[in-house]
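Below, each structure is written out as structure tokens.
In the two complexes below, chain A is the common chain; its partner is chain B in one and chain C in the other.
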Partner chain A sequence: MTEPLLTVEGLRTHFFVDAGVVKAVDGVSFEIRRGEVVGLVGESGCGKTVTSLSIAGLIEPPARIVEGSVRFDGTELVGAPERVLNSVRGPRIAMIFQQPRASLDPVMSVGRQIGQALKSGTALDRSARRRRAVELLDRVGISDPDRRVREYPHQLSGGMAQRVMIAIALAGEPDLLIADEPTTALDVTVQAQILELLQELQTANDMAVILVTHDLGVVAEIADRAAVMYAGRIVEECSVSELYDAPLHPYTVGLMESRPAASHSKSRLRVIPGSVPVPVDLPVGCSFAPRCDARAANNLTVCTEQAPQPVSPRDGHRVRCWLHE
Partner chain B sequence: MSSAPANEPTATAEAALLEVTDLVKHYRIRSGGAMSRPGGSLRAVDGVSFRVGAGETLGLVGESGGGKTTVGLSVLRLVQPSGGTVSFEGRDVLAAGRAELKALRRRMQIVFQDPIGALDPRKSVGDSVAEGLRIQGLAPRAEARRRAVEVLDRVGLTAAQAGSLPHELSGGQLQRVGIARALVLDPRLVVCDEPVSALDVSIQAQIINLLLDLQAERGLAYLFIAHDLALVRHISDRVAVMYLGRIVESAPAGELFDSPAHPYTRALLSAVPADHPAAARQRIVLRGEIPSASAPPTGCPFAPRCPDAMARCSEQAPEFREIAPGRWAACFLND
Partner chain C sequence: MVRYTVRRLLQAVPLVFGAAVVTWILIHAAPGDPIVALAGEDGDAGYYAMMRERFGLDRPLHEQLFVYLGRLAQGDLGFSYRQNRSAVSVILDQLPATLLLMVPALAVASVIGISVGTLAAARKNSALDNTARTATLLGHAVPVFWLSQVLLLLFALRFDWFPVQGRSDARAGYEGFRALLDVGHHMVLPIAALVTVYVPPIMRVTRAAVIENLDEMYIRAARARGQSRRRVLIRHALPNAMLPIVTVIGSQIGFMFAGSVLVETVFAWPGLGRLLLSAILARDFAIITAMLLMLSVTIILMNLITDLVYSLLDPRVRHGT
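Our next item is the complex of A and B:
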């Protein structure tokens, strides 16, 4: 097996605020290989976005990476000088966000924004950048790119703005694209268009993708593997087919079963009781223990005393749960 | 639970709880912006008819900009429709005077996507729930507060939480407050406008169960507006699909999802992400996005994006008619 493109090990990113230390990411490890699509799944506050920002080197005070390593294609990014980060961030690791219009500069034309990305990521001159910007718009499925390249973000619909973001992300031909809820703000029909585009570009460029999402359907649609996060940790990591057919962690099982598609019409849905804990005062032991039916059913006391370590009951399937120790 | 009557204006089986006929809401466009024609109007709702029976849930789906929310607001007359009729329990909502409208709104309530926007940030949520009773003159202060705590308890909030300010509660708890506010007046119909779309998956399921339980207990009817099709299928008896201000198809939920009759419904359903990675599907990817309601196409509004469009579709608008018992669609393909 070849060396992974990205290796994250023991990553801890904490926020130092008046109320205390928010352990948004608290010991995350995973790998991604070239050309692989990994879904980073979880509910709000689970740490999925902070994980992806940590990988992209976009953590700012009051947050800080307090421990761990992010190795990208042989280069350590945690603690790396700005010069190294700048050569990686943008050209080789690109990122797109949920609110494309908020991420675009409102007073700069689409063409200039793509041009800027090309300037830092390639050696093209001004007129070549202009031509490449039009090509990229065409590549992401924007009709009439010669005209659109002169337009401003407010003239674009949500779907078109996300295509422009993708064009900017592609400018440096990145090896890794981090897509943070890229279709959450879009209608389902436009979502289907954007997912189709991402999948096509991913295959054509052999690009790795970290897809950050709360939507299990989107994961089923385009991811190869899934990592489920809860309270700052990855609690389960497996292939997408195992996620659907044989999930092991009680939290994952609960998430899968609470989907409306998993039960008969008009019947009560299976629920996970309670809500996600605030990561300031996390419970001792497993963070999910207070909400866990399986713990109660199996009468396990260890769950509230000691945090479980990741184990691998099946090949390529890791889980943090005392039930599977 | 009562049997669901047919959902269309021409069906006469039994008097519907809510009957909406040819509802129209146009907004006049003032500015001469690049997108508008001078003196133009935005046809947010352009001739919509449907019925909701007692204890029934009608799901209203479609892309944003289709007019779903405007329909919901028009039913309660929170916006003033430009035309058509809204009849609730046999009374004309649009012609009602002030006092009658106030009385009608006791019987029909609304739950919004963003409950915090509807709550006074300086008032305890218990007081906000009690407020409806006081405005309606249904209970003196102490009695109103007691009933508010009771209703909050029913939706899963403690008496201590009733004393909380909105910012002290989570999104899921706030939506429970939103539901309690609607419930405290003991309505027959609740318009739910994207009630769970801002919530996390595990909390969504809790709120959906609450809505289902309340319906079973009290025989509530819901007009359930949402863009999440799996959720709408789960909760609805009937579903109506809106496109550019019109209903293009309506049918019992199971039939609509299993055998959609309108090409827009088919495209919409095929765009929903698979519910299993192995369920590779034949996707109808719609090109482009929903056009502006200020310049709707002539003929069938969906024709410019329709994979099955014929020559006549861009000339003539198909009639919304019953194509099979209980199933309605506006498409020439069903002729």
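Our next item is the complex of A and C:
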């Protein structure tokens, strides 16, 4: 098998704040192959976004990558000089974000922002960049691109702004797209359109995608594999079909059960009791243990004493849980 | 844009008249008699009466006010008893000298304030930032007349690097380029004093606005498409921070006369500041009211220009959202 496009190993990103050290990402490892779509799933505050920012080298103080490695296509990105990171970001690894309108510079025209990405990703001259910007807007399904290219972000709807962000991301024909909750802030109908667009572009460009989301439906829609994060760690990693048919980690099981289902809309929504622990002074042992029904049911004491290591009960399926040791 | 400008100018007319009435009343409420100031005390009562009648000072105050406003409506800003010519011509004579100090001082202060503020924002809490903040705090706290005198004592009298006072060396009789150089030499110290006053607000507003914008999501998004830290600072954070910076620079222009009175007096610079001071001492009502009126017009105009610059800088203002 060929080398994966991206290998994240033992990544730890901590925030050094007055209240203590917040271990937002605490030992995350995963791989992604060329053209693969991986869903990074979890509740708010579980470290999904910090993980994706760490991959792109966009961690700012008070946060810092304290340990681990991010290898992208043979290049180590952790500790790489700014010059290297600036040449990777954009042309090789592109990102889109949750708040598309806030992610566009309000005083710079859409065309110029796409132009910036083209400048760092291609050798096109000014007028060629202008033409390419119009093509890209057309490619992401924006009507009247000749006019839109001169417009400013406040003249765009949220859905259009996300299309512009996608156009910017595509400008350098990246190998990897990190999409951080790309549809969360959008209307439901627009969500579907954006997902469809992403999927179509992913297939056409054979681009790998890390899809950061809390929405399992979105993962089911377009991801090949899923990695479930809890309190700064990946607790389960498997194909999307296994995630749906045979989840192993009690947290994943809880997440799947707490999805509203159309078939029995009258029944109460199942919830996972408690909330995500604040990652300052995490509990010793498994961080999910205090909320875990399975631990109580099986009377496991090891859960609160020692953190479980990842195990592979099935091929291509990894889980961090004492139930499966 | 043109319609907007015209509407704002029309709105300014009653404001200017209001300002004129208030300054006129304030000045006439202050103690002092222009005729006594002009002719000296213990003069001939008949001469006083004649002069009063000649300038209309014998009439009741409200009548004098109406006469003043009537003339103002026709563009007549009054007549200087002291200099025996129209207030406007006196002021226009002195204006270039003041602009010669104000314009370069404000330009230098803007460049220093914006660049140091931007750098300080980029390196928040660094040694550079702390030094800049302490220095601007000092610059803000030091009274400008004291600073001017210290500069004079140190760099003109002690080290003899710069001339002490005035705009040019009358005895040297320089011509051409040499004369220009001489004026430039005289400008250094007063401009240094004014720059010290102008820089702190510009620097502090720049720093705060840039810091605020550096936290915005579009900064991260720009970094994610490969823009370097420096480019993000100059191409994204600074342009977005320009509105408050333009506001503070605009308001400085409006108030530049205040600083100019003190600095021009210390350096014996023949400008509007010194004119205002001598007019006040001489109870030269026409000059005082005309200058204060000019001041309010400048402030109103600067506000308008600031708003127009906003729409140049920010498409959201331009499109009215």
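Here, the second predicted complex is superposed on the first by the 323 of 325 C-alpha atoms of A that agree within 3 Å, B and C clash if a C-alpha of one lies under 4 Å from a C-alpha of the other, contacts with A are read in each partner's own complex, and residues count from 1 in each chain.
Convention: contacts are C-beta pairs under 8 Å (C-beta built on N, C-alpha and C of every residue); 3 or more make two chains touch, one makes a residue touch a chain.
Given the structure is predicted, the values throughout are model-derived calculations rather than measurements.
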Overlay on chain A: chain C relative to chain B, clash or fit: fit
Which of chain B and chain C A:L104 touches, first, second, both or neither: second
Touched partner set for A:R270, first chain B, second chain C, both or neither: first
Contacts of A:G159 with chain B and chain C, given as first, second, both or neither: first
First (chain B), second (chain C), both or neither touched by A:E43: first
Chain C, chain A and chain B - angle at the middle CA centre, rounded to the nearest 10 degrees: 80
Contacts of A:A167 with chain B and chain C, given as first, second, both or neither: neither
First, second, both or neither for A:L58, with chain B first and chain C second: second
Chain B versus chain C - smallest C-alpha distance in the overlay, whole Å: 7
Interfacial residue positions of chain C with respect to chain A in the complex: 216-218, 220-229, 235-236, 239-240, 313-316, 319, 321
Complex interface listing, chain A residues touching chain B: 43-44, 157, 159, 187-193, 195-196, 214-218, 220-221, 240-241, 243-244, 254-255, 258-261, 263, 265-272, 275-276
Footprint of chain A on chain B - complex, ascending: 63-64, 170, 172, 200-206, 208-209, 212-213, 227, 229-231, 233-235, 237, 253-254, 267-268, 270-279, 283, 285-286, 289-290
Chain C-touching residues of chain A, taken from the complex the two chains share: 53, 56, 58, 82, 86-91, 94-95, 97, 99, 102-109, 113, 116-117, 120-121, 152, 154-155, 165, 168-169, 171-172
